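Chain nomenclature is as follows: A, B, C and D, assigned in order of appearance, with residue numbering initiated at 1 for each chain independently.
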Amino acid sequence: MSGMLYSLVALGFVLIFKASGVFNFAQGAMVLFAALAMARFSEWIPDWLGMENLFVANLLAFAVSVVIMFVVAWLIERLALRYLVNQDGATLLMATLGIAYVLDGIGQTIFGSDIYKIDVGMPKEPVMMLESVFEGGILINKEDFIAALIAALLVISLSIFFQKTATGRALRAVADDHQAAQSIGIPLDRIWVIVWCVAGITALVAGIIWGSKLGVQFSLSTIALRALPVVILGGLTSVPGAIIGGLIIGVGEKLSEVFLGPYVGGGIEIWFAYMLALVFLLFRPQGLFGEKIIDRV
Amino acid sequence: MFYRENGQFKTSYKADQQVFAIPQDRWAILALVVFAFVGVPMLVDEYMFRAILVPFLILSLAALGVNILVGYCGQITLGAGASMAVGAYAAYNFMIRIDGMPALASILLGGLMAAAVGIVFGVPSLRVRGLYLAVATLAAQFFCDWAFLRIRWFTNDSSSGSVSVPDISLFGWTINSPTDKYLFCLGILVVFSLMAKNLVRGNMGRQWMAIRDMDVAATVIGIRPMYSKLTAFAVSSFYLGVAGALWGFVNLGSWEPAAFSIDRSLQLLFMVIIGGMGAISGSFFGAAFIVILPIFLNQMLPLVGSLFGLEVSIALVSHVEFIIFGSLIVFFLIVEPHGIARLWATGREKLRLWPFPH
Amino acid sequence: MSGRKIGEVILDLKNISLSFGGVKALQDISFNVLEHEIRAIIGPNGAGKSSMLNVINGVYTPQQGEIIFRGQHHANMDSYGAAKAGLARTFQNIALFKGMSVLDNIMTGRNLKMKANMLQQAFWFGPAQREELEHRAKVEEIIDFLEIQHIRKTPVGRLPYGLQKRVDLARALAMEPQILLLDEPMAGMNVEEKQDMCRFILDVNDQFGTTVVLIEHDMGVVMDISDRVVVLDYGKKIGDGTPDEVRANPDVISAYLGASH
Amino acid sequence: MTTANILLNVNSIEVIYNHVILVLKGVSLSVPDGSIVALLGGNGAGKTTTLRAVSNLLHGERGEVTKGSIECRGERIEALTPADLVKRGVVQVMEGRHCFGHLTIEENLMTGSYTRTDGKAAVAQTLEKVYNYFPRLKTRRTSQAAYTSGGEQQMCAIGRALMANPTMVLLDEPSMGLAPQIVDEVFGIVKDLNQREKVTFLLAEQNTNMALRYADFGYILENGRVVMEGAASELANNEDVKEFYLGISSGERKSFREAKHYRRRKRWLA
């Protein structure tokens, strides 16, 4: 069920793209950064305050991490994006690559570069589900189930945010045309801070779930690369697409490893997802649920 | 004062189309090349050759390849490292599997093989653009990483995917000292740069740029996108393949797939951004910058730290390197999206007009 | 006027229909273009004029209908084929190559006529160099003709709109086309610039005998320089004839011209 | 004109793009409250740049105002963000329309009300008003803007600007690429808005004929300088304006067929 986790990371990509037209390569770095912050503060806070309660400590650490992600979002807008208004997609993409480097560097400078654990007390034992529906039921990890629940919650609230609120509308307007949005008084700076904050929170959620499963370490930032095919498959502008794409890729990876792996020497899950996305692209360039690319001469 | 064109008139289109249309430029570049061949070997010590100059030359060549594809043809690639790997491993196989294969020939054949693979992985560019294409090239990158690690045949059944080659020789000249390596790479780079310049100033280059700037319009005036994009992929991969083979044969001697990982691909992309997209000279500026910066930081940071009485650990240096690196990329994109090459050109323009500001 | 002679039918469009995702852009449209004439297409915004040009030079493929160019039937042409057959066009929202100089932009128009292979180009020897110089000379003629010598080396992205339109025309002319398709060549120009543009179009038509198909909103221009006019409205043809006939057509007056013109 | 009712005042501004290209070389103009002022001139004369300088949209194009000042009701506005300006009632409608292609017409209009703070009811009222002025938009309210015609997009862009309840609209090339009938309609609405809603317009336009028919006052820009200014009726009767901007010489309209290869070059002495 790593698919669900890919989905969460992919969601961050989709959000930023949908709301500002930026393909955010730094999402992976943000996940790492957020997870590092969470891991370290949940260690430090009990030390500083001398308390034992894990739940309160985690809650405090979460709050601090949220604040940190907001500060990061604000800094990114303030120091980089502000000056890149109206540049084309490729330039912005490369700028986020630069941001990713900076975040990786700062994160490790402040928080250290060892392997850390996040323990938010997620239940790990598997449970049987749907036993009443068919014989045997499905074996599901509780942890995955909770992750899926959180993801679904995020998706629903975000969809409402995008479609129904004035700010959501402004976000979509900015994605279509920076300058036109500016000309009618939508403050780009504020919009961008909002988007990056939201992306920061999804990164934090993803980081916590990943971290509690596998530990927090530098390699976490490369999961962004694993989530890319998910975004492509689901469509860059589609929130549900990110979820379904994640599931397809997650399942596809495992199946390919089991059925195809033995014949070619194993380790194929890394590129299998990409090939899947690639083949898919050739037939449907906008992804499963992506908006049709409007191209007029 | 010396940089004036007064009294120089161009009376034919031929004169106007020269690579360096201003005589001062022509002489300066010629002097630079002569100095690189004759002067540098007399002045520089071994460490400089090994740590800076040879990597710089090879990475310049690779950056040229990336620049052709990204800067001129506008197709973003994150799979440059894969092309280098194909070049290196193909050259290795040509060398060990065919008796008496000259080193230069196997390097060039490695380049051709990379070109062929590049064409295959360029096919998605016919359907998808921009960001989507970047992802497609990542597929190439990961596939090649995997293939060279897992498919034993490519590495002549070495278990770790690591291979090594003996010193190479060229018409009886054994290239083993750092100076030899430097001259060998320099020679190749000069020839390849000239070829690249010729391509981009001619019809081929115009087709690439047309596709980059507006592909619909390009088709309407009779440019076939398929042909132009695939040639760009082929030429670019050829350059990268040759650079990869040189990197393996000349710079490293023995290597494993990790030498051509995604990090290498990103590094090459950064060279082109910082150096200048769509400018041949940008490839050199970018490569120089990225080769020298880490060395510079490694020397400087502990010094700066000691000024403030701080112990600077190696880990910290590498983190700070990340930070400075990332910041510089963002900085360049903000201040001058066309990179150092454009700053250089603006500077020259100012010099021509000096002392008038406009 | 010189001895410009209007000839036979060069381009014949029969029952063209085109739709995108259920929206009918063109419905059963037929008209023809005679050799050496200036043919205007007019109509309100969204009437399908640009779609019509896109069909003619192969950017869009019509669902129905036939294009007969010089007696040859095409169910559809792709843009490359159209360019090869001698159709050139300019664009409504200028589609120049922004990163390239004016000279290079126009040189791309010669692309189909250049034959040197990649290796020859890489070494810049023999045929490659000769060819480059020959075509440069041709391009310079066009530059002289359109009076844009002074901006030869300027990147087109930096030029004002009117000059960009002129470069767009130059690039199309560099293809030495038999038919020149112009999509609103005078949009956003003032009278003086329009006069210049008209002069260029008339001269091209007159000196090279190029057939011109033109979309334009300025009725003054259309009525003055075109030989025959097609009027489209909501994807249908509502008028066809000489400027005077069209001007008197009641359908055209109510759909497009309005009472004041 | 007394200074009391001057809404916008531009004092000899200079604009440089990319640190090197000098586009405006000292442009001054003033716009009285409740008027329609037209900026006329050829391509590259600097009309769009002037509007962008006022609305502070130069940054995205790597341009900046290096000299001079711009005042709105006596307050310096060069340092404000576009959003601040919209809050002060100055909105620009950009050249080439720039509707949000993926949003529906109604969503496009609603984005225009982003800066409003006077509540949903007031915004809904303005929306109704905009639909009254542009009944065509009401019929297309649920279509994605990218799929509407050029005329509808222009109306959408103007309507979107009106949603901010502006006191002044900077209108860039409203007639560009529009059919004659639609041009009449758009200008008619502009005049209406000006008279009934007291919206002030600063208008950059190539179509001199139209612009002078509807405007009160005009400035002619060439090469980044103001070469002539005057009441619209005066300008329309000036010989040079007639010849170069209206295409009329010796009393009647000149045929485009007769455009000469060598003709009198203009000489602005005013």
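We take it that contacts are C-beta pairs under 8 Å (C-beta built on N, C-alpha and C of every residue); 3 or more make two chains touch, one makes a residue touch a chain.
The model shown is predicted, which means the values in this text are computed figures rather than measured ones.
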Of all other chains, the one whose Cα centre sits farthest from chain A: C
Of A-D and A-B, whichever chain pair has more C-beta contact pairs: A-B
Length of the line joining the C-alpha centres of chain A and chain D, rounded to whole Å: 43
Distance from chain C to chain A - Cα centre to Cα centre, in angstrom: 48
Intercentroid distance (Cα basis), chain B paired with chain A, Å: 33
Chain C and chain D, separation of their C-alpha mean positions in angstrom: 30
Chain A: positions in contact with at least two other chains: 297
Set of chain B residues in contact with two or more other chains: 216
Per-residue overlap in chain C, given as positions that touch at least 2 other chains: 59, 91-92, 95
Footprint of chain D on chain A - complex, ascending: 85-86, 166, 169-170, 172-173, 175-189, 291, 294, 296
Touching residues (chain side chain B, partner chain C) in the complex: 13-14, 17, 195, 198-199, 202-204, 206-207, 209-210, 212-214, 216-224, 231, 235, 278
Chain A-touching residues of chain B, taken from the complex the two chains share: 74, 76, 124, 127-128, 130-132, 134-136, 138-139, 142-143, 145-146, 149-151, 216, 262, 266, 269-270, 273, 315-316, 319-330, 333-334, 337
Complex interface listing, chain A residues touching chain B: 23, 79-80, 83-84, 87, 89-91, 93-95, 97-106, 108-109, 113, 225, 228-229, 232, 236, 264-268, 270-271, 274-275, 277-278, 281-282, 285, 297
Contacting residues of chain D [partner chain C, same complex]: 21, 40-44, 96, 147-152, 173, 176-182, 184, 206-208, 244-247, 253, 255-257, 259-261
